[in-house]
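The first chain written gets the first letter, and so on, giving A, B and C; residue counts start at 1 in each chain.
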């Protein structure tokens, strides 16, 4: 059960080329998360979602503000699931599971096997990532993240590169794993519908990296999109979202574009 | 998603500017040259037989201007270089033409490839000094030895590259041209010639590098004149500054020719094939759209 | 005009059979062409040697074959082994020196620029220079060919390693960092496996070149090895022996490359097969 404490965080990148402006990835974010909750961060591209995760995982440093990720006083252990599975292509699946662990021997591989089984990949131990499909690789990535028993699990649009059917199946696997382990999860996505299905709380970011909205979702886990309560909530929140980001589909008539 | 590169300090005053010049790409190369010459000089202090940069430069000056080495031997530069260049060009011409022909045949006809492939492979694997030996055994100390050494050494490299070039014109491209009704002349000019030119050039470049190596060997082992011969002359006379001087001459020649001239020409010819790649795309495996 | 399902399937099977027959036919034609190629080559050689008349000009295939047998039954394996050991040691040296150089070149833009020119020049130097240099430094010795092979292969290894280092997947490094892997672990599990194929590529690319230079160095300064044998027979004007040794050299070099190198590469890098298929 982790505690995430972000105070007035900002991140500015130096200009990409001479004469350009510095890039403000995160304007200002103040956020507190505590407990076994599934929190989604939603927003369009360029709103700083990935930068936020990079700062939390230590890959980037903040320009100003403080970030504290703790578990009972000590620094929290992190798990991370990426958009692309990021498995070492030259190691077998089981070796990939073991790579991120600090222990070794029989207990380690038993744990790894258990999590592989939970995502339905118990028969792939000795295979190489190149032999697996994208969806299977991502399942290994998820199993890997859960298997280190993290205090905080960071997930960066993990299903955005998969086709809809595979993504749906993986969301089910994820919900199964989560209801069994109840980790603190920070889940970044651009898909509002997905966020409503999975999370207890949705943080909406605006372009420029500021919090626009903070929505609590109070439904039981696991959730199916076919459940009317879920579907209603999805439509309602999607509507609010579209108010914030109106799309510009104007009516066009034949003859508008000349050949 | 690496952080943007740090800009070097742009503060006022000399240290910033000097540091930037030193660490620039040209600065690094210049430093490398200076370090090399310095290391060479240091080496002469340890190994006394090795001639230093100053002595070698003096030697080259005397040799090139036709002055007199130690009052006994006259410097000869232009005549040897001219002889080598002459033989080199003739041999290159023969090897290149034959290689072009073989390459076109092998690239165009599967049967030709099956027939000739193994022979070309063996010829590629043949060390240049063997050709030097063989041609000497056949023709003695004669102009034909160096010329044919170059020809034999260069031939397989040209053939292999031209064949690759011809094969790169896929039937799909030809079909596309026909489908759009492109005239046969335009097809030839824009499709065939354009595709093959780059490969022909690559083959020529390889031919020049290995051919140069070949003629030096041939002249070393059995020449009466030429760069290779003159290099050996000084070596046999135990005048190492002469030997090193000529080594520098032939190295500088091929490095300038290949790395400064031919390099640029080839980059132009192959602009379509080797553009500056967008690195980001390579490390982001997108669109893994296979279902589980 | 509707066909029954069985008709369509039968037609499909016919087409498939026909296609396979055509493919097999053209495969046969290609094998035939290779055989004809070899026969033609030998025939041409034989005819040429007969026309030239003397053994000193061009010995006939049977004569060379006879010489090959003599060599094989005699000293060949001894000499060949001597050459292999020298060239192999040279490759080891090239990898030992080229790899750290390549790392420096790949990781730091400054060292990349600094070392670029010397490495490139080293790769353009005619083999004769290395052979003579090695001879001058070591005289008639085991180490001469080792030095020459090392010097000529080192640039290929260095440049390839630099490429490999530059191309290490940053995503995998970030993943490792986010899971708290130490720098040593990242180096061992991510960087080294990424760069290993490039080291191999450097060795493979310079393979035939290294052999040629190594043998040339043996011509100058060795008392053993294939190069020495070629020179000895050249001085004795023994043309059949020269050709016989050269042919043996080429055949074994090609065999080494095909059988040993390619197999080793395939085993070491099993995991790449599937990457490529994807």
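Going forward, contacts are C-beta pairs under 8 Å (C-beta built on N, C-alpha and C of every residue); 3 or more make two chains touch, one makes a residue touch a chain.
Predicted model, so just to flag it, every value in this text is computed and none were measured.
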item	value
Excluding subunit A, groups that stay connected where the other chains sit	one piece
Taking each chain's C-alpha mean as its centre, the one farthest from subunit B	A
Two chains sharing the most contacts, counting C-beta pairs only	B-C
Identifier of the chain whose CA centre is least distant from the whole-structure CA centre	C
Chain centre separation in whole Å, for subunit B relative to subunit A (CA means)	52
Chain centre separation (subunit B, subunit C; CA means) in Å	19
Subunit A and subunit C, separation of their C-alpha mean positions in angstrom	47
Subunit A, residues touching no fewer than two other chains	54, 59, 84
Per-residue multi-chain contacts in subunit B, two or more chains	1, 284
Where subunit C touches two or more other chains at once, by residue number	171, 174
Residues on subunit B engaged by subunit C in the complex (per definition of touch)	1-2, 23-25, 27-29, 31-33, 36, 110-111, 114-119, 121-122, 124-130, 133-134, 137-138, 209, 212-213, 216-217, 220, 228, 235, 240, 243, 247, 250-251, 254-255, 258-259, 282-284
Footprint of subunit C on subunit A - complex, ascending	54, 57-59, 77-80, 82, 84, 86, 88-91, 99-100, 102, 128-131, 148, 154
Touch list for subunit C against partner subunit A, complex	171-172, 174-181, 189-190, 193, 269-275, 277-278
Contact footprint of subunit B on subunit C as seen in their complex	26, 29-31, 33-34, 36-38, 40-41, 56-57, 110-111, 113-118, 120-121, 124-129, 132, 136, 167, 169-171, 174, 208, 211-212, 215-216, 219, 230-231, 234, 237, 239, 242-243, 246, 249-250, 253-254
